[in-house]
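Two complexes follow with chain A in common, the first pairing it with chain B and the second with chain C.
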Partner chain A sequence: MQAPSWTTAEARPSPGSARLRRSRTWRRFSKNRLSVIGLAFIVALVLSALLANQLTPYPPLAPNFLAIYQPPSWQHWLGTDALGRDMLSRVIYSLRNACIVGFGAEVVELTVGLLLGSTAGLIGGTVDTILMRVVDVVYGFPSFLFSIILVVMIGHTILAILIAVSATSWVGMARIVRSQVIQVRQSAYIEHARQMGASTWQTLVRYVLPNSMGPVLVAVTFGIPANMMSEAALSVVGLGIQPPTPDLGELIIIGQGSVLSYPYLLIWPALLFALTLLSFSFVGDGLRNVFDTKSGR
Partner chain B sequence: MVRFVVRRLFFMALTFLVISLVTFFLMKAAPGSFLAMNVGVNGASFGADQYQVSPQVMQAIIRHYHLNQPWYFQWWGFVQGFITLHMGTSFEYPTTPTMTLIRQTFPVSLSLGLISVAVGLSVAIPFGIIAAVRTDTWVDSAAMLAAMTGTAIPSYVIAVFLILLFGVWFHIFPILGYQGPQYYVLPVLSLSIPMIGASSRYLRNSLIENLHSEYVIAIYARGGSLRQAIFGNALRNSLLPLITTVGPQLAALMMGTVFIEEMFGLPGMGHIFVNAAGRRDYPLIMDSALLYAVVIMLMNFLVDIVYGVLDPRIRKSGRMG
Partner chain C sequence: MDLVEIEGLRIRFDADGQVVYAVNGIDLTVAEGQVVGVVGESGSGKSVTVTSIPRLLPKTARCEGRVRFDGIDVLNASAAQMRAIRGRSVGMIFQNPLAYLNPTRTIGSQLMEPLLFHHLAGYQEARRRGLEMLERVGIQNPAARFDNYPFEFSGGMLQRVLIATALIAAPKLVIADEPTTSLDVTVQAQILRLLKTMQRDLKMSMIFVTHDLAVAAQVSDTIYVMYGGTVVEQLNAADLIRAHRHPYLAGLLDSLPRLDRPVGRLPFIPGLPVDTRQPLAGCPFFDRCGVHTDDCHTLPALTTVGPSHRVACWRVAGELVVTDPTAKAGGLSGCIPESL
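Right, the complex of A and B next:
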């Protein structure tokens, strides 16, 4: 399948070639200029996360006591903190951590959500009822409290935080997948495939999932920044990644402590974090335009 | 309606039990315990000195919380204590009953949450109406960009910008502490701005949809004005679904108070909970987690009831969802 099979509306065999379809997708996406800017920002973010070792001018943990509380300058673009650590390097590394948790937790959520959602949607009946009641109960959990307790239990490593963040947020994904699967399952071409002798598994993998990917992809785009928020929120209350490792929430809390004297310690991490989250939101809106032609905005 | 309420109450009780069980087992599975942290080598209790807790008291605590009993006994002890409001004392504050602790701190959190919701709704509704009436003008674009920014950025980052703007550059509001109403302004703003964003966007979209529906065209056909269309019918029909979004937002807001309290140094329940989690103070973790869960569930429940009472379709038929 080289064509982007997730263009739900155009899934019917159309005369247009795959390339034409792709350009149409892009045109709809780029109608909103902010989406394109957001996408560019995310690409830059991911690249800087991947190349953090080469990109950062200083090691993020190395103190330099001859250069504490330096305001932004050519040597230190974003200044230095109380221990003389370069803020630019620390911000890049903390954005990298945010990316690891943001994308990683989303992979977990997507896997669990796809498994449970498509099982419930395809099999239906008692299985569906039981799974959805479980989802309802988890939905009622105060998720952030739950993350806090989980982190305290497993520890403060990045993996533990990843688990804690995805522990309750798979619920939304399972609901979306289920409703999509149910919707697609009732369409005529699935009936057709059934009658041609396709097994349940075959219909699921070949037809149902590819055709329900649109809303799922939109949910993923909004899920990643939500994970980043929870990750940073854990650090805000002091239960995130352990201190020498830079983290956005920790940078914000520390920056807040010296905000009256050194406001730049607070501005830059908060601003970059805000821009990151906004970019995801813009891209999500662009994707919504691609997949959902009904509601204009 | 009665059947709906009974069903919801049953579900809430079930969720409550599940939450208490999960929290209990997570707590038990957590490495290290408060007692281990306090009873040191050779039974000499170095930690106990620090907290002025003698070994005798430790033994008393163990007995009091049934820590030498089977798990279901312990678990039920917590749940029963919580339900009957006789929670006893926690490990960390052995002289203050947990109930007193809650009474001192929880009103701060709750009022913070409720004020934020009130402020959020009273700003979001006019915002949404203006954006819907002036669709695709600069007013709409500006309002929706603001809404999007508000929804995309969490309250603690908004708090940062508010601190910088009002606290550092203009010196209007205090940024730390709790000594009077003006200390509430920034926390409330940072909690309500995300809500304003989400609600006004929701209201705008649903109002636009309603304004294009046939009954509104009928109002125009009878010579009604836009004002009549909005305040006569369309707004009422858009406000109803807005109410359903308030419940989840209240839940998010109550969670938001946890780190907003931490940032602004407010003496609320969130602070107590975070400390308790860090110190493995089982009784306090359990009680505060259950308290938050119950409050959030109750709020959702109340919102649903209000919705049921307001929506004539549900009020008359008595059926829902």
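Right, the complex of A and C next:
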């Protein structure tokens, strides 16, 4: 009688191989189909922001007074604005700023948050108390007001906006990292790492941080859209990117001014903005599924 | 000079005004190649004592006395000196292997850590030795298992991995802190045999912490019986049944279930364990001891009563034989398996 094929252990891939682990992560992530759609949407957004030069049919700043307030057509897919500028080109270019501030501020936030949070969590004691009181103080600041003051002080450059947005947003991240580090630090495997002769740095990088990453990554997917929001909000109050450089917040506020006569000027940028924010939430949900080991594989 | 010399070790924990007197003056030595069993009930201070050797106690611990390992004054050594010892000269095996392995990394990558942390080998060499070690501890098809994650192993297998990790750098001393407590009896026997074989092959010393007298007797050369943060009796494993002197140890041996007698109510030691929140005043076993005298209000010192046999009990020091050991010597052979 022929032996069943599964008896040959070598034939099967080992259950913990890197490839299979990756597929397990993906399977959990894609359990929520919206997460996949959101991820695809974000990738498309980032790509179009990066390739804005190649993609846009018209220069985003060039006025064309022969084609003002045109409704969407084959020439201008999203219509044109009061100066005859192509809305599609302007929307794509405005994504650039949104992405720069959204992702850039998140990088700053993550770096500062990881640094302060892990220092506070790992060292503890007085260092922890001092750092966390600093966090509390910054947390108590009205963050948007703080951003406005910073922009006014530094100037309306993209760098100033990036600094202004990240100046207050790191506190949440620092708290999350700290609570994670404190939780992981008490694990038995940290004791084991110390027992094997790991230095504090090795313990942090190889043991503490990888095990703290779940909630941190989820927080990142919510931080990026929050940053984009702040950036757009700065534009709304007139402190964002200097016109004529297009910006989602500015496009929306201009569109809102003429919503009764030319609704498409509001609808497209607002829709795109809303979808972007929504996509990040969906991706965040997907990531939460990946890291939530309690609800089964 | 012995590999481990602990003299007059006292450890207390200060946490938010609450003081716990965990260890109250302990002397313990481990010679090279010797297996020392440390036996005691929960809270008797056995784990705390052995964790002080690689100095891995929590920050709240306050230590007094002397701990020497391999000529190094552990309690006063620098952090770098201690790190150089951990994993390299002292390996440790714990009770719950799943909790002691990093869930986010493969067992292979963790197995190699002692070699990599101490720069004893490059990656390729460490991997080769890791595979070799997995084979030696009885993991089948190590090459395929190397890249598995801890959750893909059973408890017994993980304990083998943990043993391999502790031994990969060929340490002089391995500390096994209740390594078989979470395993079932069959696996326990396998793990014990493996540990003993590895200890012999690698010519290591071992400290074996357990609350199981039978296991301690199987594995150890010398047994230290702890109670209330003190050593109450130290004797050769071979003498455990025939020559034990302390009333606590007598009570423990009495309460072992036996196979060669009708099943009845098991004898037990009446009373509760010592309240470790109070400093010791007198013999820790005073409240539960059936034969205590007025002398017992002062803490008895370990007194030599025979070759490598010491007891801390005023009655024994005053030549009193607490129980008649010959009465149960025959019966007990039923519950303590042969030495490995």
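The rule is simple: the second predicted complex is superposed on the first by the 277 of 297 C-alpha atoms of A that agree within 3 Å, B and C clash if a C-alpha of one lies under 4 Å from a C-alpha of the other, contacts with A are read in each partner's own complex, and residues count from 1 in each chain.
Please note the rule applied: a contact is a pair of C-beta atoms (placed from the backbone, for glycine too) under 8 Å apart; a residue touches a chain by one contact, two chains touch by 3 or more.
Keep in mind it's a predicted model, so treat the numbers as computed, not measured.
**Student:** When the two structures are superposed on chain A, do chain B and chain C clash or fit side by side?
**Tutor:** fit
**Student:** Please work out whether A:Q195 is in contact with chain B alone, chain C alone, both, or neither, and reply first, second, both or neither.
**Tutor:** A:Q195 contacts chain C only, not chain B.
**Student:** Does the superposition put A:D136 against chain B (first), chain C (second), both, or neither?
**Tutor:** Only chain B is touched by A:D136; chain C is not.
**Student:** Return first, second, both or neither, reflecting whether A:N32 touches chain B, chain C, both chains, or no partner chain.
**Tutor:** Once the two structures are laid over each other on A, A:N32 reaches no partner at all.
**Student:** Looking at the overlay, does A:V152 come into contact with chain B only (first), chain C only (second), both, or neither?
**Tutor:** first
**Student:** In the superposed model, does chain B or chain C contact more residues of chain A?
**Tutor:** Of the two chains, more chain A residues are contacted by B.
**Student:** Of the two partner chains, chain B (first) and chain C (second), which one does A:S187 touch, if any: first, second, both, or neither?
**Tutor:** So A:S187 only meets chain C here.
**Student:** Check whether A:P210 is in contact with chain B, with chain C, with both or with neither, and answer first, second, both or neither.
**Tutor:** After superposition on chain A, A:P210 lies in contact with chain C alone.
**Student:** Which partner does A:S179 reach: the first (chain B), the second (chain C), both, or neither?
**Tutor:** Neither: A:S179 stays clear of chain B and chain C.
**Student:** Considering only C-alpha atoms, give the closest distance between chain B and chain C in the superposition, rounded to the nearest Å.
**Tutor:** Minimum C-alpha separation, chain B to chain C, in the superposed model is 17 Å.
**Student:** Going by the contact rule at the top, pick out the chain B residues touching chain A in the complex.
**Tutor:** Its residues touching chain A are 11-12, 14-15, 18-19, 22-23, 26-27, 29-31, 144, 148-149, 151-154, 156-157, 160-161, 163-164, 167-168, 175, 205, 251, 254-255, 258-259, 262-263, 270, 273-274, 277-278, 280, 285, 289, 292-293, 296-297, 300.
**Student:** What residues on chain A touch chain C, complex-wise?
**Tutor:** Where chain A meets chain C, its residues are 9-10, 14-18, 21, 187-189, 191-199, 202, 206-207, 210-211.
**Student:** Provide the residue numbers of chain A that touch chain B in the complex, in ascending order.
**Tutor:** Of all residues in chain A, those touching chain B are 136-137, 140-146, 148-150, 152-153, 155, 225, 229, 232-233, 236-239, 249, 252-253, 255-256, 259-260, 263, 266-267, 270, 273-274, 277-278, 280-282, 285, 295, 297.
**Student:** Report the residues of chain C in contact with chain A in the complex, numbered from low to high.
**Tutor:** On the chain C side, the touching residues are 54, 56, 83-88, 90, 92, 94, 96, 99-106, 113-114, 117-118, 141, 144-145, 147-149, 152, 165.
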